[in-house]
Structures are given as structure tokens and as C-alpha cells.
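Pasting a structure below so you can have a look.
Letters A, B, C and D mark the chains as written, and numbering starts fresh at 1 in each.
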Amino acid sequence: TLQHIFKQIFKASLELQEDDHSKALLVSRKKQPQDTIVTIRGEKVGNGEQRLIAGPCSVESFEQVDEVAKALKKEGIKFLRGGAYKPRTSPYDFQGLGEEGLKILKEIADKHDLAVISEIVTPHDIEKAVDYLDVIQIGARNMQNFELLKAAGSVDKPILLKRGLSATIQEFINAAEYIHSKGNGNIMLCERGIRTYETATRNTLDISAVPILKQETHLPVFVDVTHSTGRRDLLLPTAKAALAVGADGVMTEVHPDPAVALSDSAQQMDIPQFHEFMKNLEESGLYKKTQAASSK
Amino acid sequence: TLQHIFKQIFKASLELQEDDHSKALLVSRKKQPQDTIVTIRGEKVGNGEQRLIAGPCSVESFEQVDEVAKALKKEGIKFLRGGAYKPRTSPYDFQGLGEEGLKILKEIADKHDLAVISEIVTPHDIEKAVDYLDVIQIGARNMQNFELLKAAGSVDKPILLKRGLSATIQEFINAAEYIHSKGNGNIMLCERGIRTYETATRNTLDISAVPILKQETHLPVFVDVTHSTGRRDLLLPTAKAALAVGADGVMTEVHPDPAVALSDSAQQMDIPQFHEFMKNLEESGLYKKTQAASSK
Amino acid sequence: TLQHIFKQIFKASLELQEDDHSKALLVSRKKQPQDTIVTIRGEKVGNGEQRLIAGPCSVESFEQVDEVAKALKKEGIKFLRGGAYKPRTSPYDFQGLGEEGLKILKEIADKHDLAVISEIVTPHDIEKAVDYLDVIQIGARNMQNFELLKAAGSVDKPILLKRGLSATIQEFINAAEYIHSKGNGNIMLCERGIRTYETATRNTLDISAVPILKQETHLPVFVDVTHSTGRRDLLLPTAKAALAVGADGVMTEVHPDPAVALSDSAQQMDIPQFHEFMKNLEESGLYKKTQAASSK
Amino acid sequence: TLQHIFKQIFKASLELQEDDHSKALLVSRKKQPQDTIVTIRGEKVGNGEQRLIAGPCSVESFEQVDEVAKALKKEGIKFLRGGAYKPRTSPYDFQGLGEEGLKILKEIADKHDLAVISEIVTPHDIEKAVDYLDVIQIGARNMQNFELLKAAGSVDKPILLKRGLSATIQEFINAAEYIHSKGNGNIMLCERGIRTYETATRNTLDISAVPILKQETHLPVFVDVTHSTGRRDLLLPTAKAALAVGADGVMTEVHPDPAVALSDSAQQMDIPQFHEFMKNLEESGLYKKTQAASSK
């Protein structure tokens, strides 16, 4: 019948359109079938080995970060995170140490040969950050701060882009495209939970987003188990889920003394909890210490 | 200061209240610390071994279900699902074979020594279902159909309770309590995705719900990877995530010829895809065939 | 170009399909362009005059309901609501007086010549309810309890169907179609808020749903300002919004002594607050007392 | 009993805490009981009279904006909106005319004595914008771009702050506080719909947010009926709802030829539709033309 033919044409047209759309994007797997591998201080991300990123929510002092750095070294972890500019809901909450924080991260990085990751929140600071950081993070609240994305796309430094609080996967991919379209293809994506009606967790970890992002783009995909759950007791099971589902890595928060942390005290692990976490992760068979680490 | 003391009292009171509340529930782990193990046709669920439940969305004919049953046997799977009463958005969609479907399931169960699971949608049919089924399923749309829950609590038959489309974890636990409060403690919970703004998947699989439900209750917890994602290409990675996160089992849909299925054609695996799925699951190290199966 | 032609065909096909779909539904305005007017105890709903439905959350005693009934009469309101079967999250919360509650409502109805509305939660009770009630309500949690909808469609009694907690408008319309398809076309719809991430209100009142439902169907549409907001201080402004947006009526809760109410104490008005609410509503020019009432 | 006393203390403590929190905020009504009235080109906003803001989604040319400006004058509307910097999901969509757009707006403003409103998306442009605009808009995607908020708080120019796509009301209020805390108290809030599972509308207009924001803060509150619904057919009913619920004004989009608009073509009114919209709004009794306009 005529209607049947129409339906066939309809479907064909729809697929055609979607195809065209995806083909056009630089971050799309249709544009580049092979995985993007990002090299950071000699360590590769996205090459099939799964990585951990850990560190305190906020940089508070050299000593605090140094203690975490030592714990990371022990576990053979290369990537240290720590917030210097903190986007906080209230203007009266601790806003981070700013450039002072970046300096501390740089010192730590040099002392321990670690790669440091920190969030930048305004285009103006991107260029400055290049001198201090190994990876520039764009946070969830700024995922559609397009001027910031363009600035991040204009420097030669790997970018870790977090999914917005209620961004669709398509919007997330387009945000990455903003960066790539300006010339910087060293992008890593990070699922960090989405906002839903459920209040048992801080956000709802959208675990399915990981295989979708791996299919649709050629970029490495991380899972931030700390911000997605907001609960220390869920870090281990969700980290396992993230590794099992095919993430290129897991990001989590560690603090020498979470109870006195200037932000997010309820969800960070202390050092012994962190070593326990790593031990359990390895025993599960889902995570392998890197060569370098295990040989030490 | 006075305010500090108030805050302490406040916290103490809050915890006291929550404690009391959880203690009162029969399904709560505070009430019963050890895991509930449900025995179905001689096979245990919730004992630490992870189970699979598979089968067609709808029972369409004896031959259709029989073919799926054979595939299950080959994989050492004991639990066969299949819908006889189908809750459908439109009154003009296929509504299931009804009691005829239950009879087919019973025949299949006897022929292959499988345990059969099917959804019942009205209190009136619960008693009848007891004669045909090994497990009675309460579906997502009926999670707060309290009369149905009470009826399910009044029979001596294991219940598989699915989380509502937008139920909180607390509401889910209370729905289970409705069943238990009527005397039936053989309850299995099933996370099946929640409704969010994201349209890339049919629902958003709330993977964190699994460890929370395992902590809060003593009941076995399944993950339905088919209805949560609605995408065949996501069944394998989400099944891995479910097993890694600590679920007691995974539920998925298999149909001899999904293209002609009377419901949910886009998300069911065909038989070869199902064997491939099982092979990959085993190779991942996350799933172990049961003794019985591997010895055959 | 070819692609442009494809797009045109695509659009045409899409509209054709949607048209067909809507035409098929008995509740669709495409099927019946003129408004359905439901007559209840001689009073019309859906005829352009806007109605109020008010009453306690739960029927607790004859005296309690009688007091509310008198307040309604004073305001010229014809429709009294009151819950006899209460669907509650926990099995240990007050579950309503059941049939005893229906009897009280019937007595009140006869005494004051009011039309009484109450929720029925299981197919088995529908027939019984016909003798007691003027309108049978299907609640939000049962919007997709299809067996209940079919039972409601099989009796000759007006139905007030509430939108599910996270039902789409399309699902809501299809739920109404379940009732109509069984022969009962006297259906009134009721928007009562949807579940979102926002916690400032109990639910999020989806005010846009009202004009959409009026366009898509020929059925009267109410707004339940009590359950959508869950806040006494928002009843007046949201009632005004509902009347302004084109609803056929507003539903709200009134209780002689909300502080001791057995359910929903925080959101019900007491009698003086209710008279104040009515006074403000009339003064806003958005609501007109019915002829009958103002002449008394 | 002891537990009862605990509960009372608990409640008291809770209220104490919340009170303290709200008192601390400069935008809170607890801090300043009387309404903030913002004066823009001699016209007051927040003084009890309800205002309209209208204009094209994007500034495309002088002629385009001029045509809309004339239509606004005819209706006695003082506030013209138009986007010069457009935050778009894809980097390949039209991004606005930038500073060229601001210049066009300034010319129009001077020609017709209108107040012009446009979105600024990066801190760097805020100071420049002061010379061109009467009101600086902060868009939904930038509601938690805290550096932008701080920059907006440092200039002497009224700010229209839109609610984020999935911001809670508390986060919205805190975003306003970021502006106020830097010294600029001339802030107007704008509800523009939130992201939910419902797809019948572009967003879900959270109409209850208006009275809540009016209670919690002393700032004027607008409703953007265009972005919240995304449907031309819903502009009139939702504008009525917004005025009825107590908003200080309504924002909507008008374009001389929506079909060829460079953005949002499906949701803008053309000029005759706009005059029809205004006529209906006045006839509803919910909107009054300003003195100046009606005297012409």
C-alpha cells in the first residue's frame, strides 16, 4: 500500500538524516573509527587499560595533597585530581584556593611525577592553567558554557569534560564537539550522574551512557563514582560496575581527613579506606595495577 | 554553644527516627541481618551465585516458548520468563494470551524442568496463577497496586517485584513490605530502570539501586537489562555491570524471531545472539554457569 | 534536491501517522470535535463553567465529612471528595475506612444533595462503588492498572481519572481510552503534578498539560492543586493559574482540623482557610459561583 | 515521652537552621520584606503592574528587529528582547551576530525609546554590554556559571537571570545571591521551564515556582512562555496562567517571519499572531496595557 511505502521512505530518510548528522561531528566514531588515545605524562588513556583518577575534592594545602599523592604512588596511580577553583551553589561556601591551588598541584606533580587534573571555570584562566596542569577539567555546571569550551579547544592540553547535571548524551557529545571544532582533539568524557527524582543518591549514575558514548564517539570515557553517588559506601560497587561496563577509567575522591574537608566531606574516602578500596577492586579481577606500579 | 548542642540532638533524633522506621520493616536488613534465600524448583536465588532469567517478552505459542526453553537448557539456565498478561499503554495493542499463556508456560516447565515466571496484573488472578507458575511477577506499572501486592502476600509462592517506573527506592522497599506483611517473605526485587529526561535509552538503569537495596533489605536483587535500556546493543555491557555491582541475577529477553514478536521486538535477542551474549558473559569472568549445566 | 523531497515526504508521513493514531482513539478530539459534557446529579461539568471539587483527604467520620459538606454548600459547591480506600506508601499507614467510608459519603450526599467522589483501587470494588458514589476516581498510582480501568469502563458512572506520577500525556490519554473502549465515555481527566527532581513542592504541577489535554481530547480537565503542590500556601495561586489556563475545574482538600487528619495533614485547608480561599478566588475574577449557590 | 520531646526539638532546630540560612541571603525576603522595584528606562518592574517582554529569538538584521519594535510600540510594550550571543547545542548552528547584534539593539532602543534585553555569555563581554543594553540577561545554561554571575554583579545594570535547565529553586535563589553579593541588587528572575521526562512540551513550565520565588525573595519574577513550552499554541494559555499565578511579567518571542528564523522557528509568533495574542490577553482581564500605551 501507499502508506507502507511512505513508512519505508520515512525510515530511510530518518536514518539518512541521523547518519549525516553523526558523520559531520569530529568526535563521532563514524568520522574516526579507531579509538582516540590520549597520552598524559607518558601514560596512555583509552588504550584498553583502565585507569584511576583520584584525589581530594579541593586543594587545601601542600601537605594535604602530598599525603594523597603518596597514597596514589603506592597504588601505581598516575592521575591526581584536586579542585583549585570550586563552583559552589552558594557564594558563601569555600570557593577554592584559586591560582595558589594550581601552584600546589604543579609542585606535587613535579615531586611525584604525577599527572594533575583540575577544573577551570572561566575562559580567562584556561591559558594560565596550561602552565600548571596536565589535564584541564570542564565541570558539569559548565558543560554548556560554550565560551569556556571554545577556549579549551584552543589550547594544546588534554581536556576532561564532565557531563552536565541534566545533559542528554547528544548534548554531551555536542559539547565535546565544541572543543574539537577549535582544534583540540585530546578530549576525555566523564559520566558523573544525572539529576533525577531519586534522592537516595546525590545523582543517578547513568551507567548505560558509557557504552553509548563508546559507540558514538572515539573518545575515552571515565565514570566519576564520587559525584554520581555522593555516598562513600557506594564507591566500590559502582567502580566495579564502571569497569565492567567498559569505562576507560574511574574517578574518585580521597582526602587525608574527610571529616574536616572544606567541601564534600561526606563522600570522600580517607587514606586507609582508599587502600581498602583499591585492594577490593584488584581482588574483584576487574582492575589491574599498571606494570610500573606492581614492579615497585 | 546552644546551637551546636541542638544540631547534635537534631542528628541523633533523625537517626533514631530512621532507625526505628527501618527496624519496623520485615524486609529490612535491620530486622533480619542474613540474606533471604529463595528456593525455586530446587534452585536457590540469593545464595551468592548469580542467576539468569531469560525468555520472550510475550508467550505467543508453545513452539515459540519451547525453542527458547531449549536454548536456556543449553546454557544451564533454570529460570524462564514469559508474559501471559501484558500491561500495554494502548488498549489496542496485543494484551497477551492470558490463562492460555500460563498453560503453555506450565507445559514447558514440566517438559524441561524449568522454573517459569510470569506477570499477574489483578488480585483475582493471583490464586489461579499459583497452579501454573513457579514465580509470580508484579510489574513496574503495578508496583503500587496495593491490592495486588496484598494478594501476592497471601499465597505461598515466590514473588518477583519490579521497581515502579518512577518509584523511589524507599517506595520500592515499602511495596515489598506490603507483600511480606501479609505473610509471604519469598520476595525478589528487580531494578528495571527509572524514567528520566534521557531518551537515548528507554529508561535509565539505576545501577546504584542494587547495592542500596542489598544494604537496606535482605532480599535478592535482580537487574532487568532489557526493559531498563530498551536496546539490544546495551544488554551485554549492562549485564556485566549488574553482575559486577553485586546483583543476584540478571533478567533479559530472548525470542526465536524478534522481528515478528508481538511486543518489544526491538529489544529482544534472537537465539544465536543469546548464545553469543552468554558466551561473552562467561568469558568476562563475571558469570559462572551452574554446576548442573556445565556437567552436561 | 532529492533530500529536500525526502524531508517533505518524511514530514507528511509523520503527520499522517500521528493523525491516524489520534483518529483511532475514542477520547480524541479528532474523533469527536465537540466537548464531552458530564452530568452529575444535575450539574454539568465541561460546559464552559468552571467547577470546584473539595473535601477531606480521607473520610474519617460522619461528623468530619458533614462539617466539610456544610462549608461546601455555603460556597455553592456541588462536588465533595473524600477517600475511603487510601493507597498509602507504607502498609502500616492508615488505609482508609473502606466500605464504611463509602456509606458515610452516600449519607452525606443524600443529606446535602451533593455529588460524592471517591477513589476505588481494585476491580472487585467497582461494582459495589456504583451504589454509593456519583463519581468513581481512579488514582495516580493506578493510572496504568489496566484491569481497574477496564472495570471502570464497564459501569455506567462518571470516572475521574488522575494522571500517573510520571505518566506522559500520551499515556494519560491512552489510559482514558482503556475506559472509553469498554463503553463508558463519561470521563474527566485530572492533572495532579508529575514527579521531577524539584523538592520545593511535593510534585511539579504541569500546567501546560491542561491546554494540551483540552486540544487532544474532548474530555473535561481538572487540576488537583493539593497533591500537585503539597503546600497549603500554594493552593490559591495555583488554583488561579488552573482556571486561567482553561481547566474545567479545580480539586482541593479541606478538613475541619488538618492537624489531626489521618493523612496529608500538612496540605489540607481548614474551614476558615477554605472560605478565605473561595473569597480570594472569586475576587480574582477567575471563578464564578454557580447560579444556584449565589441565589441562596 | 522522651521521643516526642526529641521530635519537637528536632523540628525547632530544623526551622532555626533554615531561618538562619534564609536570613543570611541578600535576596531573601527575610532580609528585605518589601519588593525590589527595578526601574528600566523610566518603566518600573515589580511594582504590581505586570509587564511584557517580547522580541525575536535572535537579532538577525536591523529591519527584522525594527519591525518587531514597531509592533511592541503599538501594544504599549516597553521591553524588547533579542539574542546577539546565542548559546547553541551544536557548534555548527547559528551563533548570533555578536557585538553587531548589540549595536542593532542599541539603535532600535534609541529610535523607539524601548528598553533592550540581551543575553551575555562570558564575563569578558559584560562590561561591553553595559554600553548597549538596558538589561543583561544570564541564560539558563549559564545559571551556574559563577564567574559570569560575579561579573554581572559588578556592573550597574539590571540583570534578568533565567532558571537553569534543571536547577532547583534553592539553586536559582543562590545564583541570584552570587550577583547580589557583588553589589548589584537590580535582579529579575525568570522561570523558563525545567527538564523532565515529558516530551509533549520542550520543557515543563514549573508554574508553582513563581509564588515560591515571590515568597522567598523580594525580586520580580517573570515567566518565559516560549522556552518553557516550545509550542506556539501554548503561549496564550500559559501566559494567562503566569499572570494569574502572580508573575511580574511574561516573556515571549515574536519574529516577522518565524519560518525563516535562524533559530527556534517553531515557537515564535509572527506579528499578526502577536497582536492576536495581546488582544486575547487583554480580553481575559488578566493583563492591562500601560497608561502610556492606551493613551496613544
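We take it that a residue touches a chain if its C-beta (ideal position, glycine included) is under 8 Å from a C-beta of that chain, and two chains touch if they have at least 3 such contacts.
All figures in this text were calculated on a predicted structure; none of them were measured in a lab.
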item: Which of A-C and C-D has more C-beta contact pairs; value: C-D
item: For subunit C paired with subunit D, centre-to-centre distance based on mean C-alpha positions, whole Å; value: 32
item: Rounded Å distance, subunit A centre to subunit C centre (Cα mean); value: 46
item: Touching two or more other chains - residue numbers and ranges from subunit D; value: 166, 170, 195-197, 199
item: Chain contact graph, described as a line, ring, star, complete graph or other shape; value: complete
item: Of all residues in subunit C, those that touch subunit D in their complex; value: 166, 168-170, 194, 196-201, 204-212, 215, 228-229, 233-234, 237-238, 240-246, 284-286
item: Touch list for subunit C against partner subunit B, complex; value: 24, 87-92, 121-124, 141-142, 144-148, 165-166, 170-171, 174, 177-178, 181, 195
item: Residues of subunit C that touch subunit A when the two form their complex; value: 3, 6-7, 9-10, 12-14, 16-17, 166, 195-197, 199
